[in-house]
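Next up, some structures in structure tokens.
Shared chain: chain A. Partners: chain B in the first complex, chain C in the second.
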Partner chain A sequence: MLRRIPIGYRFLTPLAVVFAAVFAYPFVYSLWLSLTNYTITRRNETRFVGIDQYTGLLDNDTYRQALVNTFVFVLLAVSLELLLGLALALCLQRQRWARNVTRAFLLAPMFVTPIAVGLMFRFLLNQQIGVIPEILGTFGLEIDFFGPDLALFSMVAIDVWQWTPFMVLLLLAGLESLPKQPFEAARVDGASRWLTFRSVTLPLLKPVIVVAVLLRALDAFKVFEYVFAITRGGPGTATETIQYQVYRTGIGFFRLGEAAAMAFVLVAVVLTIVVVLFRRLMREAT
Partner chain B sequence: MAEIRVEALRKRFGEVTAVDDIDLVIADGGITVLVGPSGCGKTTTLRMIAGLEDVTGGRILIGERDVTSAEPKDRDLAMVFQNYALYPHMTAFQNMAFALKARDTPHDEIRDRVMHAAELLGITDLLERRPKALSGGQQQRVAIGRAIVRQPAAFLFDEPLSNLDAKLRVEMRTEILKLQKELNATILYVTHDQEEAMTLADEMVVMRAGAIAQQGPPRVVYAEPASEFVGGFVGSPPMNVIAGEASGGVFRAEGLEVPVPLTAAGPARLGVRPEHLRPSGPGEATLTADVEVIEFLGSSGIVSLRRGNGDSLKALVPADALESVLPGAACPFRIDPGHLHLFSADGSARLH
Partner chain C sequence: MRRLLALSVALLALALAVAGCGGGDDDSGGTATGGTPSGTVRVIMEEVPDTDIVKSLLPEFQKEFPDVDVQVEALPYDQMRDRIVSSFLASDPTYDMIVVDNPWMYDFAKGDFLLPLDDRITAAQDFDHEDFAQPLRDIAEVDGATYGVPFYNYALGLIYRKDLYAQAGLTPPTTLAELKAAAAKLNTGGRAGIAMQPQKGYKIFEEWGNYLFGAGGAIQDADNAVVLDSPEARTALQEYIDIYKASAPKNSLNWAFDESLRAVAGDKAAQMISYNWMLPTLNKADGPAGKLAGKFALAEVPGGKSILGSWSWAIPKNSASPDAAWAFIAWVTSKQHEKERVIAGGAPVRASAMSDPEVWEQGFGEDYYTTVASILEDAAPLADGPNAEEMINVVGEDLNAAVAGQESVDDAISSAASGAQETLDK
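Up next, the complex of A and B:
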């Protein structure tokens, strides 16, 4: 029977098998789970519930809160990383001496595993034993970094600390690969630094910026380690993000059907953002 | 428009001297062309005048103003780049308007000046297009338009035609000449193409190894090259050079005797332009050489010759005289004695 398949397709078989095993099967299976009330501790009672899990999420306040938290986190973290990253990349591009050393130091946070970063900041920022609150205390500043008002923003700051270097890396590579002549033309044309940045640098760098933002945003949507290591979603639900809620629902409460539905809603939202951004980029490129 | 003066201009890149103490006057209302082989320092000179390259030594004056260390924007010069250097995300109109916008020119005036330049260059239909949607020739027109709208003190052209195909290059050359006359513009033009230099220049500056080898109107540079290098670089095909000895009013080389002025004596090199080497009857021949190949150009042909001693020569022969030249045969040729160039033995100086 195999002989009747064209040889090209036969070569594809190993990849197709691996793909089916590690991607297609889990994907379809979790999609199926999201349409059932599957709970690990009550597997015998599993039944098909259609889109009930999805409609149920609409009325679920904690899920909505987690969605809002996640979006606030992604929006703030990626915006700050972009602004800081661009500023640093512009400075590094002009740097004349000790370039490699500076770059190596600057990129260091990226190489620490996020769970370790989470633990590190958990202690650094701890109100009782943390060094940062203590230093601030000497100036009379009493700040509870993991209190209900600030916890989410502290998570943003930690993400910015760890991932701005990634932005710098991409934007610096983008800046250094831009053609030189339009910039020389702008100098001769009499453009000020600000006008050159606004009218030449930014538009030329836009494709790189879109890709960098996209990569960072996709990664930021997955935020889990900081929450797990520091706040476990608290105080209350102040830092409960989608990923953490999916984890808690699925692995903590064993409600895998509901967790799968939560995950698929996030996938749909993220895919929509990616498609819209890429479409805009493609349209501008042509 | 203004005159540009360059005094003892020098540029070093580390240990390498790219431009070595050159003095130059770019006359108001004329085209001065810097020409020379790759690496001779012509583009570096232009970029120093534009302010895009720092100066190691010397002065640059535009009119009476010393601009040696002024920013490019304060020099009132407009530049046309080799790769056009258009802003890829802007339309042709926005590209041309950019310099005016940078100078806070009122909108109406920007519109008028861009439209006027576009009419001059015949690109009014293309103003809403981005560079990607324009051909090479159209992009170059936009780049020239961007320079014109500024109404600067002088224009700098950095090999602007080298990315265009041969036909378009000739067309654009004529257009640049017309434009220059219309605007009475001061232009400093850099090229490696001697033909482009000859056709465009009011004043031609031949450069070699960071120094000026000769400067003058193209006719003079062509007719009286100051050195063997200039003779060989200017003119196509290049000048033939024969090594020999001059004495008693005669230049002698193997199988060759040509009358030269009495003043010349000692080892020397004789320069003969291909068009001054013609087929002749055996009686009036100066030399005999084997014809290797003939490249037919239409109204004439380039004949490659090899002499008995192995030297190769080129002759530019009118089409009607080509019949007497047969590939593979030894043919008699005559050097026109009225158009001889005699150089010193090292080729560095002109003896006659």
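Up next, the complex of A and C:
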């Protein structure tokens, strides 16, 4: 039977097996879970409930709040990271001396595990023992970083601190691989710096920007560690995010069926965004 | 393309079949038999001082039971339950013995994950099960069967600075009003009157529960129905918010127990409501409090009834060596080894250890042990019944929102009460 399959496809077999085992199986299994009432502590009562778990999410206020929080977080964090990352990349591109050292320093935050970053900022921003409130205090400033108004934005700031280097890395690589001729042409034509940036650099860099934003956004949707380490979703539901809620519902409260449904709704939303973005990119490229 | 699709479907089916084959062999080791137990006992524990103390007792156990090899894996609290639950579900368990936190006990027992221990307890020689504090035994008992043996308690108490209390002419508060006054009086520029733990979820409920009891309220009645929607609960929450606003460190809305401990140990707060076993830690010469060691004392929480937490030793149903695990549990919780454990700084669970003059002398003083004993006389856990962990989180969310000013006291209490009841009924 195997003989009849073209050789090219046969070479795909190892990948297909690995793919099926590590991706397809858990994916299909959790999809199945989301259609049942599976609860770890009541496995004997497991039964098929159709889309009940999904319709149940409609009147789950906390879940809706978590969706909103997650989107606000991703939107703000990724935009800020893009702006800062682009600015830094442009500066670094022009830097003459000590390039490697600067880059190594700037990239450092990326290599710290996010849970450690969360714990670090929990104490750095602590009003009583943290160094940041201490410094602000000398200027007569006092900020309640994890109070109801600012908590989500503090999370955004932490994410920006940690992941802007990632943007810098990608954008800098993109900038350095751009062809020289268009820039020389612009200079010959007497274009100002701003005009060159807007009409030459940005359009040429666009594919890199889209990929960087996409990678970063997909990762930001997974925000969990900062919430887990610092606020546990509080004050109230101010920093409740989807991933944290999925974790609490599935692992904390044992309701794997409901947690799977929560995760699939997010997957559906994120996939839609990715597909729409890619389509637009493809259309513009052709 | 179609062939590729067919191929992937076939492979997927294969993968499913292979993965499904895992759960065959279910016959766990033999039942309690006579003779000397032997085997390896893998145990999961929390990274806390009490675990280190148990580890230090292991060589002694090994001498008595050379054929039993106890391997301790200590993890931070947040990782423990995930690991335990996966081990329950695995055909080849990761752990042969576990420690169970009180909110998990009911669900674990009802989920049929734990071995009932009644027969083993009755058969054990000189075990004297009645010697364990009553509220701790109650936690380990689900529907008339016993699934755990108390390991250590974390009932809450008021930990305060004796020197500051003396300077201000104060005595430990016995009512919420007195606590409020004491906190306000001790609140000076650099030092907060009281460090609190209003973090959303477990932490705030664990602390506020003491206020609730202090105001004369209750969480559940004798039939486990939620009775949180009461005037007492509203008073308690209002007092909590007032004290937080007037005397707790500024901007400490996300504080948990770690921050409070640091504040008190670093002379940045005069007192806190926390686990009773923090006292030996703070008073230890080489402990976190440094030069302040010895200046702390433990009192009952205002009102005298406190929130109780407790860890129990238990054996999973799928344990590979239940007999060896029981041998260790019986050994480490015996009167003699309880005494050694407590002298080394472990949190006591047996009345005999708490009233033993030898323990007083070699441990942390008569005051401490008699206070712990009286705390344990009247203490109750946050939740009793199914979905306890979730119920605690539901209530803890509303409480935290009220302190943050996002919900009124009235709304928070009624929402917490209805949420808690719904969760228990799920």
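Quick note on the criterion: the second predicted complex is superposed on the first by the 268 of 286 C-alpha atoms of A that agree within 3 Å, B and C clash if a C-alpha of one lies under 4 Å from a C-alpha of the other, contacts with A are read in each partner's own complex, and residues count from 1 in each chain.
Simple rule for what comes next: a contact is a pair of C-beta atoms (placed from the backbone, for glycine too) under 8 Å apart; a residue touches a chain by one contact, two chains touch by 3 or more.
Being a predicted model, the structure only gives us computed values, none of them experimental.
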Fit-or-clash call for chain B and chain C when the two complexes are aligned on chain A: fit
Comparison of chain B and chain C by chain A residues contacted: C
First, second, both or neither for A:Leu58, with chain B first and chain C second: neither
First (chain B), second (chain C), both or neither touched by A:Ser192: first
Chain B versus chain C as contact partner of A:Val200, first or second or both or neither: first
Which of chain B and chain C A:Leu15 touches, first, second, both or neither: neither
Partner chain in contact with A:Phe145 - chain B first, chain C second, else both or neither: second
First, second, both or neither for A:Ile40, with chain B first and chain C second: second
Which of chain B and chain C A:Arg122 touches, first, second, both or neither: second
Which superposed partner A:Ile251 touches (first chain B, second chain C, both, neither): second
Which of chain B and chain C A:Gly234 touches, first, second, both or neither: second
Overlay on shared chain A, then closest C-alpha pair between chain B and chain C (Å): 32
Residue ranges of chain A in contact with chain B within the complex: 179, 181-182, 184-192, 195, 199-200, 203-204, 206
Interfacial residue positions of chain B with respect to chain A in the complex: 50-52, 71-73, 77-79, 81, 83-90, 98-99, 101-103, 146, 150
Chain C residues touching chain A - in the complex, by the definition given at the top: 3-4, 7-8, 11-12, 14-16, 18-19, 78, 81-82, 85, 88-89, 107-108, 110-111, 113, 192, 199-201, 203, 249-255, 259, 262-263, 266, 268, 386-387, 389-390, 393, 397, 400-401, 403-407
Touch list for chain A against partner chain C, complex: 5, 9, 12-13, 16-17, 20-21, 24-25, 28, 40-43, 62, 122, 126-129, 133, 142-148, 151, 228, 230-238, 248, 251-254
